[in-house]
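Take a look at the structures below.
Each of the two complexes below includes chain A, the first together with chain B, the second together with chain C.
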Partner chain A sequence: MSIGLLETGSGYWQAIIWVIITVIIGIGVLWLRNKGKEEYKKNTNQTKPFLSGNPELTKEDSHVGASHIYWGFTEALKHYYQPLVNIHTGNINDYSGWVVLVMAIIFIIVGVS
Partner chain B sequence: MSGGSIIIFVLKIFAALVIAIFGIVLGLFCKGIDRKLAAMMQSRVGPPIRQPFLDFFKLMIKENIVPDNAVPWIFNGAPILALVSTISILFYIPFGPIPALLGNSGDLILIAYLLAIPAIALVAGGFSSGSTYASIGAQREMVLMMSYELPLVTIIITLGWRLNLAYPGLKVFSLAALSANPIWGLVGPLGFIGALLLLFTLVIVTPAELSIVPFDIPEAETELAGGVLVEYSGRNLALFQLTNAVKMVVMAALTVALFFPYNIAPLFSLSGALASVIDTLFFFVKLIVVIFFEATFIRVAVARLKIDQASVVYLIFLSAIGLLGLLFIAMDYII
Partner chain C sequence: MSGILTHAPALVIALPLLAAFLVPIIGRFNRSKGLGWFVSIILGLSLLMTLLMANHILSNGPLIYVFGGSEPGLTLPSGYTVPIRIIFQIDGMGIFMGIITAVVSFLGAVYSISFMEQHSGLEKYYTLLLLLTTAMYGMEFTGDIFNFFVFLEIASIASVALIAFRSNLSGEPAEAGFKYMVVSSIAALMVLFAVGLFYGQYDVLNMATIASVMQFTQLDKIALILLVTVLAMKAGSVPMHMWTPDAYSEAPAPITMILVAASQASLYALFRVTFSLYNITLNTVVIGWIIIILGVLSMFIGVTMAIIQKDIKRLMAYHAISQTGYMLLGVGVGLAVLANPVALESFGIKAMEGGIFHIMNHAMYKGLLFLTAGALFYRTGTRDLNKMGGLAHNMSYTTVFFIIGAAAIAGIPPFNGFASKLIIYESVYQFNPLLSIIAMLVSILTLASFVKVFHSAFLGPKLEQYQKVEEVPKSMVVAMATLACIIVFFGLFPDVIVDNLVHPAVMALINQVNYTSAILGGM
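For the complex of A and B:
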């Protein structure tokens, strides 16, 4: 059967077969999950977030801020990111200069080729 | 669809259910062996091999707590999505002489995408927990995933590209084609070194895929008290544990299919059903050996890295090693 076979020349994928099989396995997994215990004690200390016994200050502070979401990745590549950050001076003259410079490079490349 | 097609379709669905159950049981068994071997390496007796099964059944009878701060539908849906997507990968991977159930319906590139779904589900589940520890764990899982994708894709592209040079008409990302034409037989001495570098890259990517030491930073029990899984309990945690067990089989089976697809029966001039049985048993032996080197040995021998160190390892060092492998294989072809 080759219903909905997507071929890209090298790769191929029959998405509809994957969807069908995933739905069937999903039903099986849901059945397995429903065999487990569902109950717990709602609105007790059991449902408070685990903070090693410390009180939760505010809900907002319980999350990783957007500015830190890629920490680790940006730290690993700081030698790449830092020069880019430094280039962003906020001065319109600098940005205009970059446009002129990049345009000049493109014209040289186009002219040479 | 004709009558014959419907029968084949029903048989495939039945086979999928059998493979799913078998994958879960095999995964838990492999986890048991992994724990036993790790204990032996540390001069401990360790738990019995059946311990992961007991852990699963114990979790199923424990309370399934949903925290006050959680987004319930994401919190409960994440473990289901993770397990379903991981099981679905099993249908695209050959098990020794047994061809993949859906080998003609998806290739290695699809597997690379499917491998990302459990990690994404874990991230979604962690962020939806509404807990500080879980949020930090989810953030780390996301960074780790972003870091190991490049080396993983380098391996896939290199193997497909080299096979395409040897057999231009072939579906080069098909695991059946890659298993039938192992990289070792396509290259000369320089390419052999390149293939070894690619194998090393896959061996180091696997611990991050499985969230084990030294790349278990998203969970980090001693630091984040379980991190991304800190708020999970009962049946939800049981499903995540099953996901991890099945993923261990998936990664090991993928390594075997890409780098060690050889069978043992031809050596003894065996054929027919006996050859299939011997080759299937040999496949399971290879699976255990690969799990030992990709998971057990590494997690016992090395301490946990920090998230930025792990990111450097994957993004810079391992990507460089993978690309060096690609370069060696390219030079081998040119020279």
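For the complex of A and C:
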């Protein structure tokens, strides 16, 4: 199938075949899912999570806000993030300073090369 | 038809420019949706004309238009050895960028019909939008370096006013507009200084003519450094990127989408300067690596800063910086091996194809993402992700469009972002495996960041304050749906775009002889 065949330099990519394979795998997964236990009952205690005996939070209370997502990631990388955030001062003088600094560095590199 | 085609380069600029001056008059009679429809029709016509030109250029070669000449195609009237008039020179690369400008500005206008309906001063808004579009076309089509400066200035002034357009809501848009004005002024001054250096040495302003006599003197080196630095800044490259989140987040959503394309026009200028103006006269390895390093910094710092954002548009703005890094990386690798024919043929051209293809893909999916952010703001009145949640219950179309845009930017198959990123990964790996690995890592972090947005804004139970939220109006849905369709089409049939648009664009950049001979003939 030559339509949609992209040459990538080291190989080829065919999105349409990828879609066909994904659909086939999806059908297989659905078939496997339907082979599940027949005695499963919706909206009974079987569907409730067990949280070490603690009461389940309401859906409204259990929604994790944006500030809490990836907290561990940012906490682990705080030594990377602190200086990075600090240089984003929001001050236009600093914005201009970075342009001058980069220009000076490129001047030196091109000058000595 | 051939008459229209002959004058199409002028008409495509004249149409939005004249409409910009008509809009205030029309606005006196019809202040509501009529104005938006008028501007959409004008930009739709510009889009059609751009596609007409693209068809001609890709079949017959570059389109040349001499302003004020006895014949539009006569660059050197008898007795002249250098062109003295302003000339538009539209080759594969120019028209590639022109198509992006045409699509994005047209859809921005369509989206604005409903999005901006409640705002006052719409005649000013649409006038500025048309001027910005005119300037972007000009930056991409002109073959005259002073004329480029003029269009850069028009684009900057229109952008500043549009960023600050909603200053009635708070002081932040005015502040963002002021910051963009300062960085744009610095850029414009440096570009003007570089233009002066060229004119002082060679007595010409036509880029093809300058390229043909380029000596790469000390003054040329200074001009190169000035142009590379400020054009990289205008494209949003790290560490000169800090204006980007301010400007992109405060501008109205359709304007943010057009600003992304305007930044890409500066990126185009950076590539045009390095490839068409200087080419192998400069030390391609050094300048190539400078562009690569700017690209890698942009990719990595952009995405890591995006992850910690809580404002949806600031988050997306940092991703715009990150994605610009991919383009710089791909084309930077091409520049680094430009003087090495074997490496250029082996992977340099492919790396450039990946970088250039990513420009178009980015304009489409980042445009879509900014429009979905605009849709959320339109219905919730906030950009704060902490205050959002459960919006997928009521905004199903917006949710689907967001998923498509997010999957595309994260490089998930079969969407368009994957196709261009795959070309970049594989070709850059042959140049330096570490660069390719960083690019893949950035894609993973991009996915993580958009999972956060999806979870925060769309998933979860309906929040009490958004119980009555509805889907956005039709014109906004149509603009987003069109971009989503383009993304899916480009993803399923990337070869159609790469073979017919991207490859000619790359070859137009690489082949400097064709660029100069189109103006100077066999001289």
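Note that in this section the second predicted complex is superposed on the first by the 60 of 113 C-alpha atoms of A that agree within 3 Å, B and C clash if a C-alpha of one lies under 4 Å from a C-alpha of the other, contacts with A are read in each partner's own complex, and residues count from 1 in each chain.
Quick note on the criterion: contacts are C-beta pairs under 8 Å (C-beta built on N, C-alpha and C of every residue); 3 or more make two chains touch, one makes a residue touch a chain.
As the structure is a prediction and not an experimental result, all values here were calculated from the model.
Student: In the overlaid three-chain picture, which partner chain does A:99 touch, first (chain B) or second (chain C), both, or neither?
Tutor: A:99 sits against chain C, while chain B stays out of touch.
Student: Contacts for A:64 in the overlay, against chain B (first) and chain C (second): which applies, first, second, both or neither?
Tutor: both
Student: Looking at the overlay, does A:13 come into contact with chain B only (first), chain C only (second), both, or neither?
Tutor: both
Student: Which residues form the common part of the chain A surface touched by chain B and by chain C?
Tutor: Chain A residues touching both partners: 5, 10-11, 13, 18, 59, 63-64, 69-70, 73, 77.
Student: Spell out the residues on chain A that touch chain B in their complex, using ranges where they run on.
Tutor: Going by the criterion above, the answer is residues 1-2, 5, 10-14, 17-18, 20-22, 24-26, 28-30, 32-33, 35-41, 43, 46-52, 59, 61-64, 68-73, 75-77.
Student: What part of chain B is in contact with chain A in the complex they form?
Tutor: 1, 5, 8-9, 12-13, 16-17, 20, 59-69, 79-80, 83-85, 87-88, 91, 102, 104-107, 109-110, 127, 129-133, 135-136, 138-140, 142-144, 146-147, 160, 164, 171-174, 225, 230-231, 234-236, 238-239, 306-312, 315-316
Student: Give every residue of chain A touching chain C within the complex, in rising order.
Tutor: Answer in residue numbers: 3-11, 13, 15-16, 18-19, 59-60, 63-67, 69-70, 73-74, 77, 80-81, 84-85, 87-88, 90, 92, 94-96, 98-99, 101-103, 106-107, 109-111, 113.
Student: Could you please specify the touching residues of chain C with respect to chain A in the complex?
Tutor: Those in contact with chain A are residues 178-179, 182-183, 186, 221, 224-226, 228-230, 232-233, 239-240, 242-243, 246, 283, 286-287, 290, 301, 304-305, 307-308, 310, 347, 350-351, 385-386, 388-390, 413-414, 419, 422-423, 426-427, 429-430, 448, 452-453, 455-456, 459-461, 463-464, 491-496, 498.
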